[in-house]
Structure formats: structure tokens, C-alpha cells
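Structure, as C-alpha cells:
As written, the chain order gives the labels A, B, C and D, with residue 1 at the start of each chain.
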Amino acid sequence: MKNCLVVADPNKCIGCRTCEAACGIAHSEGDFFTANVSKINFNPRLNVIKTAKVSAPVQCRQCEDAPCGKACPVNAISNENGCVSVDQDLCVGCKICMLACPFGAIELASQYKDGKLVNQKELKMSEEGNPTVNGKGRVVANKCDLCHGRDGGPACIEVCPTKSLKLVTYDDNHNIVEKKDEDQREVS
Amino acid sequence: MKITIDGKACEAEKGEFILQIARRNNIYIPTLCHSDALPGLASCRLCIVKVIDRGRAKIVTSCIFPVSKEVEVVTNDDEIKRMRKNIVMLLKVRCPENKEVDELAKVFGVEEKRVKRFKLDPEENCVLCGLCAKACKELGTGAISTVNRGMYKEVATPYHEPSPECIGCASCANVCPTNAIKVVDKDGERKIWGKKFKMVKCDLCGEYFATEEHVKYAYDRLGVEKPEKLMCSSCKKKVTAKDIKSIFENA
Amino acid sequence: MKPEFNSFVIADPDKCIGCRSCEIACAAKHRKYNQGKTIGTMNNKVTPRLFFVKNKGNVMPVQCRHCEDAPCLNACPVNAIVEKDGSIIINESACIGCQTCTIVCPVGAVSLLPRTEGNVVTGGIQVKVRAAAYKCDLCKEEGGEPACVKECPKDALRLVDPREDKKDRSVKAAMELLKINANL
Amino acid sequence: MPTSASMINIDEELCTGCRRCADVCPVDAIEGEQGKPQKINTEKCVMCGQCVQVCKGYQSVYDEVPTPLSKRLFDRGLLKDVDEPLFAAYNKGQAKKVKEILQNEDVFKIVQCAPAVRVAIGEDFGLPLGTLSAGKMAAALRKLGFDKVYDTNFGADLTIMEEGSELLKRVAEGGVLPMFTSCCPAWVKYAEQTYPELLDHISSCKSPHQMAGAIFKTYGAEINKVNPAKIYNVSVMPCTCKEFETEREEMENSGYRNVDAAITTRELAQLLKDANIDFNTIEEEEFDAPLGMYTGAGTIFGATGGVMEAALRTGYELYTKKTIPSIDLTMVRGGEGFRTAEVDLGDFKLKVGVVSGLKNVKQVMEAVKAGKCDLHFIEVMTCPEGCISGGGQPKVILDSDKEEAYNNRKKGLYNHDANLTYRKSHENPEIKKLYEEFLGEPLGAKSHELLHTKYISRKKEN
């Protein structure tokens, strides 16, 4: 089974960034509307590109033979759950995946677990040469996971006001099939 | 503040050790048991210098002598040279066959006949500086320490038994100034301090590069599972180079 | 606020000819005593902080990525590795040579090399050369621009800001989407 | 004939095949594929040592190389305690031989240093690039054990007397023109192997250190009252090709080699370190009289255009019998690979050219061959900025420092020139005395025997 992916139609995209907001919220465990601003995990995994010629969100293509995964020195990136996924506990933040991705679709972001920022084991920041233990948050690779485990599929597709995003998948004969978002709604 | 070392004015901070200041100013003071990484021990006493404070001179070990006022330091006059020669002579008596001590003996002009007066143990290489025990303690393993006193003093594991704490990292051998600690790597096994360690093989080149205990210690410190495949440092470099190559090919 | 990432130096294997100028420049730049500008003022134990790798058909230096959650730093038992102004730095004088960092570094960017510069002073006798861990420190203390980047005759090395670096590629990907959608 | 087979080499174990040496080689003598160890074609190689200067393929502590360091030092003719990094491209040294001689009480050891050495030797002891340290160098050489510290600059002054006279003679008598300088042995070898038909154009003068060597073992032997057979001449040169020149068959008189061994600036630094001579603190001393006496003209031989400038200072005055209006002839200094100038000698305009960098000589030679060159006198130096950038000079670590190094070394030489009492070769009192007491006159019989030489074709006929 090949991976699905979300692609955008730049002709329809109006650059409103609603998808970014939806992505951020979908991957945030806390209550977005009541939590303290500094504690919110808001790290969208897609990035709306706006230039004079084009506006469109760019996100992971879920490559079958993912360059990010090949470049990862700690094997934290693998092809799992129908998408290219990051094991954030293994990631050490070496940033090579950011260089490896041909689409610039992978980013590093603070790691959250159970709604809390994960601190580094013992990163010592030097102050005048004296190492001190300082709780610096872990920063790890963060990328589109097709909203794995989310009822209703990718949040970005759901919220796009111009329906410019779609999930692309394959049928049994490996032909590309577009799932219209209407179909998706029926499923949910 | 300023202190004078061998006539040269040197900037110094209060509490800095004389040896530190001298090194920074390119003034050479011989040492044997000094390591930049571990606190001074003043055990070999080669680093002795003369500190002159208001006309009164005293001999101190420069590696642990902190400056507190603007003094004058002499590192290499005849008196100190003579004293150092005696110190090296005694070191040579303890470690007659040791290469490092021998080198010092040559430089300081220690006469063979003065060494020969004593009963010598050609097997002895340890000068009892205790750097190895310090290093082991720093690591948090504390597998070795100096035991007994006086002429029976030595560095050993508790009760001379193989220490359960020892991870076979050989840091002790690295810091030892006289190469007195034997590390034998053979057929995928390391022997050190009477303990045998199984070594880990590089998944790529097959070379044994660290003990199993050391690898476990390393990943325990990180708090992650050790990876299935372990590689030696040079194979890791090769793989990294290959990975980078493929990134640039994709681009 | 997005967190700031540590920059790092990376070599372009297509440009690199394997001349090792970067290693020599690195080692020369990091000498503490007896600074001189000719080879005659260096000693034979050249200790670079990036490492030349020769694979079949692929020569290039490999260096530290200054990981955000640096394993070397987290594993160092003697606190000889610290983070300072966006780079992970080994304080070689505090290193006892236990090799724990070389075991955990996923890219092999740390090497245990003989440490001479702290000890060799004019006229000195050096009894034993101890080993210490060496890795890239981005030349932060040597005044900014990494010596390797400056010295490379083929401009194969550069200091990357990974976030800046990927911007162009994202824009290109967006442009491609225009074409892809025309075909769907 | 000496072979260049082992003088400049590339160590296969250390060579990474980056081919930067091939980029700087003026004669395309470096052969091999990218990424594979390179080889030197000894027939093409002129031993200029520019490859040695550029090579960074060092012996690393983390690479496993089969040959141990001690063997490598031995193979390269280096002293066994040399503690510098070793690189793939190297020149075979003579330092070991010289060290042995220095310990021999029975020989009378004379040393001479090329002009460019005094502005570079300090660099290997941590002094700023291009520091002029003639006095320290003389003191260090004496401490090293040489009986007489003479100088190649004296030889350079002598060269000007001979070469200047030769030029004026050729101009006056309608001899072969243009005349080329013969100071640079790499250039001479290149001409011999590439343009044997034009060898008549090269001045028959020996190079300055060979002239000096010949005088040391004749006149020098007389004034020092030693048997010439007991004299051992050592030259310290910024050049890796000088040893090749030293070994040329023709470079001897009455059975005595003009120069017995030529070492490089780098090797001198190694010898001094080996003898624990602290160059930084040593007190300055004078060169030995009379053959260590030199003028500013001899000094500037070390920089491109220097031989020309020195020759013009003397040639002008010998020809016109007038004092030269301006002694600093900046028009020949410049930096381009090939530059020309005109000097008004009253009834006659002398046209001169200066070539720096052997790569630039081909166009000139082709023009001469085609009869299209109207110049009278051309200076050729193989190395990019003349001898100060020679293959035997201290190796500058960073490429970005090279320009500064060359500029400072040049500046050092020109400043030295400006501050010397005598700045024209023919005014050197010891040169005058040498001609009065020993040689007679320039181009005379004795000069001809001791100071001039012949060239041979090295062209391989296909």
C-alpha cells in the first residue's frame, strides 16, 4: 500500500492560513482557547507559501523512499502508519532532515508530551564557562502525519474555505485517486 | 593583579594557580602529574617554584598554589633545578624502567649511579599520582582508588577484585602520566584492572571499538535505548558522508 | 515563537575535491599557543575539528551538526561539553578522554585525538600526550566565520541556517503544485 | 647529469588526488586522475616546488597509513626530530647531510643565504610574515657551527657585474638578443627541455650562489688560508630546484664542487630547531667580511623584477658613466606575469622585460623564436612573485595569508635595500676589491673560468 498525501491547488488557495491554524490546533493537546499563551503547543506542520506568483500550503509528500529518513542519523524517521513519521523521542535535533527534504516540508519544533513541554535531559548552558543545568526544551523534527488517528482525516482539508486541499491516494491498481472532500465528509 | 614570573610581568586573577598563569604566558614549568582536566594534586612535585614575597622566598608546588598578592615567582633557578633533579631521581628509583620517567631523568641529568644505590623494581610504572582514581571518580564510576598508606600505598580496585563498577572505558589509562595502566584489547575482549570485558563490534567494519558496559553506560546516560546497530566512529563518518552525498544528489 | 536553531557547517560533496585545506585551516586556527602563520609553527599532531572522509567516489569533510538535543553533551560524564551562543562546544582541557561522546554521536563528528596545544610551551618537555575529544565549535571563539568555510578553495563548505535554507525549496514546491494540479 | 627523479615527489599514501598541485604546476608535470594519487613526470618537472607549497594532503593522526612517521622522515631526508605536519607533495631534503657536516671538525664550513631567506626564515619561528631578520639569521648560522657566514647577496652583486657586462657586450657587438637571465634554475631547466634552440639567448652567467660558491673555494680559500679541498659550501635557498642546480656536472672548478649542498629555508628552520637555537631571542650579528658584504641591489634579487632593477642600476652607470637619476626603478617591480619597460641610456633605449611565473614565459619564447621580440634583456623567474614565493620557503598555512606573506616579504627586501649603505652592485667595495685582487675584470679569463657556464639540451627527440 502506497502512502497517501495531501496536496493543494494553488489556483484555489487564497493564502488565508486557515489550514495552518487548523493543523496547529489539531496537533495540540491542550485547550486552545483557555490555556496560557506561553504553554500552547502551536506548531503547524504545513507552511503556506505566498509569493507574487503563487500561494499554496506546502506539506510533506510522504515520499516512499524518503530522503529525510535516509539522512536521519538516529533512524528516527520511518515509513509507518501510511505516512512518513517521526519518532520524536529518538530525534536529537540534528536538522539534517531539514536540508534533505526537497520540498522544505520538515521543520523542528518544541516537543510536547501530555500537554507539557519536554525538557532536555541535562543540557548545560554555559554561563561564564560554568556549566549549569538549565531546563531547555527539546526541539525535534515535526512534520505532517496526515493527522494520524484523527477522526475525519487531515484537519487542513476539512477547514479550507476554498476546498483547495485534497487527499491523494491510490487504488488497488496503483492509480491515483482523488478523494473529494465530500466523500470524506460522508465517511465521517 | 600582576605577578612577575621569571622577570616577566603577567596578568593574573586572584586565586589562579601559578602553573596556569605561567602556561598562559608561555613560561614553561615541568610537570608530570598535572592534567588540565582534573584538579591539581601536587603529587609529583616537579612543578615546584620559588615564590618571593617581600624578600622572603619559599618553595611551593605551582599547580595548587593560588596567587593572592603581587608576588615574584622564579621557576628555574639553580636551587629549584637541584631540587627537581632530586625529585626525578626518586621517581626514577621507584620506576626504573619507565619510559616517561626515563625521559625526564635524561632531561634533568639524573645520574644512573645515584639510582642504582637502591633496590629497584623493574615492573613498577606507577608514580602514585592518583590521577586515574580522580578521573574514575569524575566519571561517576569510582572503580579504583588509592589504598593503604606509606610504602604500601597503591592504586587498586576494592580488595583487588574485579570491580563491578568499572566499565572498561580506559579513561584512567588515558590520564595516567606514565602509561602504568595496562589495557589489553584482544579477540574482542578488553582486560583492564583484572576485569574482562566483551567488546562491541562495529556493524560495518567489524572492528571492536568499545566495551559493552561502556556502551550501556553511554546510552543509560542519554536515557535512550541503544540502537540495534552500533558503528565505530570512522564508519559513522563514512555513513554520514554517504548520506550527505545522497542529499545533494536529490537536490 | 519558533525556536532558534543552531547553525552548522556542511560540505557539498559535488564541489569538494578532497584537498584537506579545511582540516589544516581548522587545526591551525584553533592553536592556543605559539601562533604562527606557517606550517613550521605547527606540530605533527594536527588536530582538526572536522574530519576528512574518503569513500569510493565521494570525498568530503564531515562535521558536527550542533544538535538541538546534543547526545554528546547529554552523555558527557565530566561536563566538558556545553552549549554556548548557539553552538555545542567541547572544552578540551576538561576532557578526560572517556570516549562516551564518540559512542553516542550519531554522525561520528567527535574524534578522540592527541591533545598537545595546551601543553606544548616553548622549550618544554612533553612526557605523555593525552587524548581528548575534538569536534567543530563553529570557530565562535576565533571570531565568527568558520576557518574551514573561509579556506575552502572550491567554496564547497558553507554555514547553513536550516530554516533559511529550506525556504527556497518550499517556494519551488509550491510552484510545482501549479503544474501538478494542471495534470490532476 | 643529475636526475630529478627523486627531488620533488608525491607520497602516494598521503595524496588524496585533489589535483590542486596540477593547477599550480607551470609545466603540467603532474599526472593522474582526480581522486587518485598523482605522479610527477620527472622529464617535465622543473622542481620549482610550487606543488609542495600548495599541498594540504597531510599525514593525519586518525588516518591509518602503512608507512610509519620515522620512515617517512627518513625518506624525505628530514631530521628525525622534525615535528611539523608532513604533506603528500614534498622535496627531498639535504638537512641530514648538512647536520652531519656541521659535526665534522675537519672541514671548513661556509654558508650563504639567498636574499629571500632573510625575510621568511623568521616566519617558521612565529615572527610576523615577511619579517626581515638578516642579523638574527647570521647569528643563528654562526651558532649552528658554520665557520664563515658569507652571503649569496654578495654573489648576486657579482652576478650583476658579469651579467651586466655581458648584456652591454652583446648589445655593443651585436650578439644574440634578447638575453635572458640565468639565476633561476627551474627556468634554465625548462628552457633546456623545451627550447634548446634558444639556449644561446640565456646569459652564460652561473647563478649567484654558484658564483659565490666558486669564489669561496678560490679567493675565499686564499684569504682564509684553508685548503679548498677542506671547504664545504652550504647554500640556504628559498628554492627546491637549487639542489638540482648544485648537482649539475658543470658546477665545479678544478675538481671542487661550487656548492656542496643546498638546503631550503624550511630546512634551515628545522636545523635551528634541532639545535635548540631560539631564533626569537638570539642577538643580531653581522655577516662575515669580506664575502658577506652586500648591496641593496643584491638584496632585491629575491623579488620579481629585482634582478632587472639591480642590472639596470649598474648597467645604466657603466654605460652612461653617469649617476642614475632615480635608483628606485618601480616600473620593473609591478606584479603582472609579463611586463616591459624602456630605459633611456642617452644614445640608446634599452628595452627590458620581466616574466614572473613560468606559465607566462611561453608567449615570450614563441615571440623570440618567431623573431618578433625586440627586447634586449628579459628576467625570468619561475615562481609567481619571484624567489620570495619559492618552493623552499616557509609554507604559509592559509591560502588567504599568502598574498600578505608575499607582499610583506617583498616589502622586507625593498626596505632592506633602501636602508643599506650601498645600493648598486658596482659600488660594493668588496666586489671592487675582488676584481682588483683576484678576478681582474668582468668577463675576463678568470671570470670566464669560474663564473660562467654552458647549457645542454634536455629535449627528448621523438
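Methods note: contacts are C-beta pairs under 8 Å (C-beta built on N, C-alpha and C of every residue); 3 or more make two chains touch, one makes a residue touch a chain.
Small disclaimer: the values here were computed from a predicted structure and weren't measured.
Chain C has the Cα centre that lies closest to the mean of all protein Cα atoms in view. Chain pairs A-B and B-C differ in how many C-beta pairs they share in contact, with the greater number at B-C.
Distance from the subunit A centre to the subunit B centre is 49 Å, each centre being the mean of its Cα atoms.
One finds 67 Å separating the Cα centroids of subunit A and subunit D. We define each chain's centre as the mean of its Cα atoms; on that basis subunit B and subunit C are separated by 26 Å. The geometric centre of subunit C is 41 Å away from that of subunit D, both derived from CA atoms. Chain contacts: subunit B has residues 222-223, 234, 236, 239-240, 244, 251 touching two or more partner chains. Each of the following residues of subunit A touches two or more other chains: 73-74, 96, 99, 102, 121.
Those residues of subunit D in touch with two or more other chains are numbered 62. By the document's touch criterion, interfaces exist between A-B, A-C, B-C, C-D. Those residues of subunit D lying in contact with subunit C across their complex are 16-20, 34-35, 56-62, 69, 82-87, 123-129, 266, 269-270, 278, 394-401, 405.
Subunit A makes touch with subunit B in their complex at residues 67, 70-71, 73-75, 89-90, 96, 99-100, 102, 121. Interface residues of subunit A, counted against subunit C in their complex, comprise 7-11, 43, 47, 49, 51, 53-56, 58, 73-74, 91-96, 98-99, 101-110, 120-126, 129, 131, 136-140, 168, 176, 178.
Note for the complex: subunit C touches subunit D at residues 17-21, 23-25, 28, 34-48, 51-52, 54, 57, 59, 111, 113-114, 122-123, 147, 150-151, 153.
Interface residues of subunit B facing subunit C in the complex, by the touch rule stated above, are 23, 26-28, 30, 32, 35-38, 100, 103-104, 107, 135, 138-140, 169-171, 174-179, 210, 214-215, 217-219, 221-223, 230-231, 233-242, 244-245, 248, 251.
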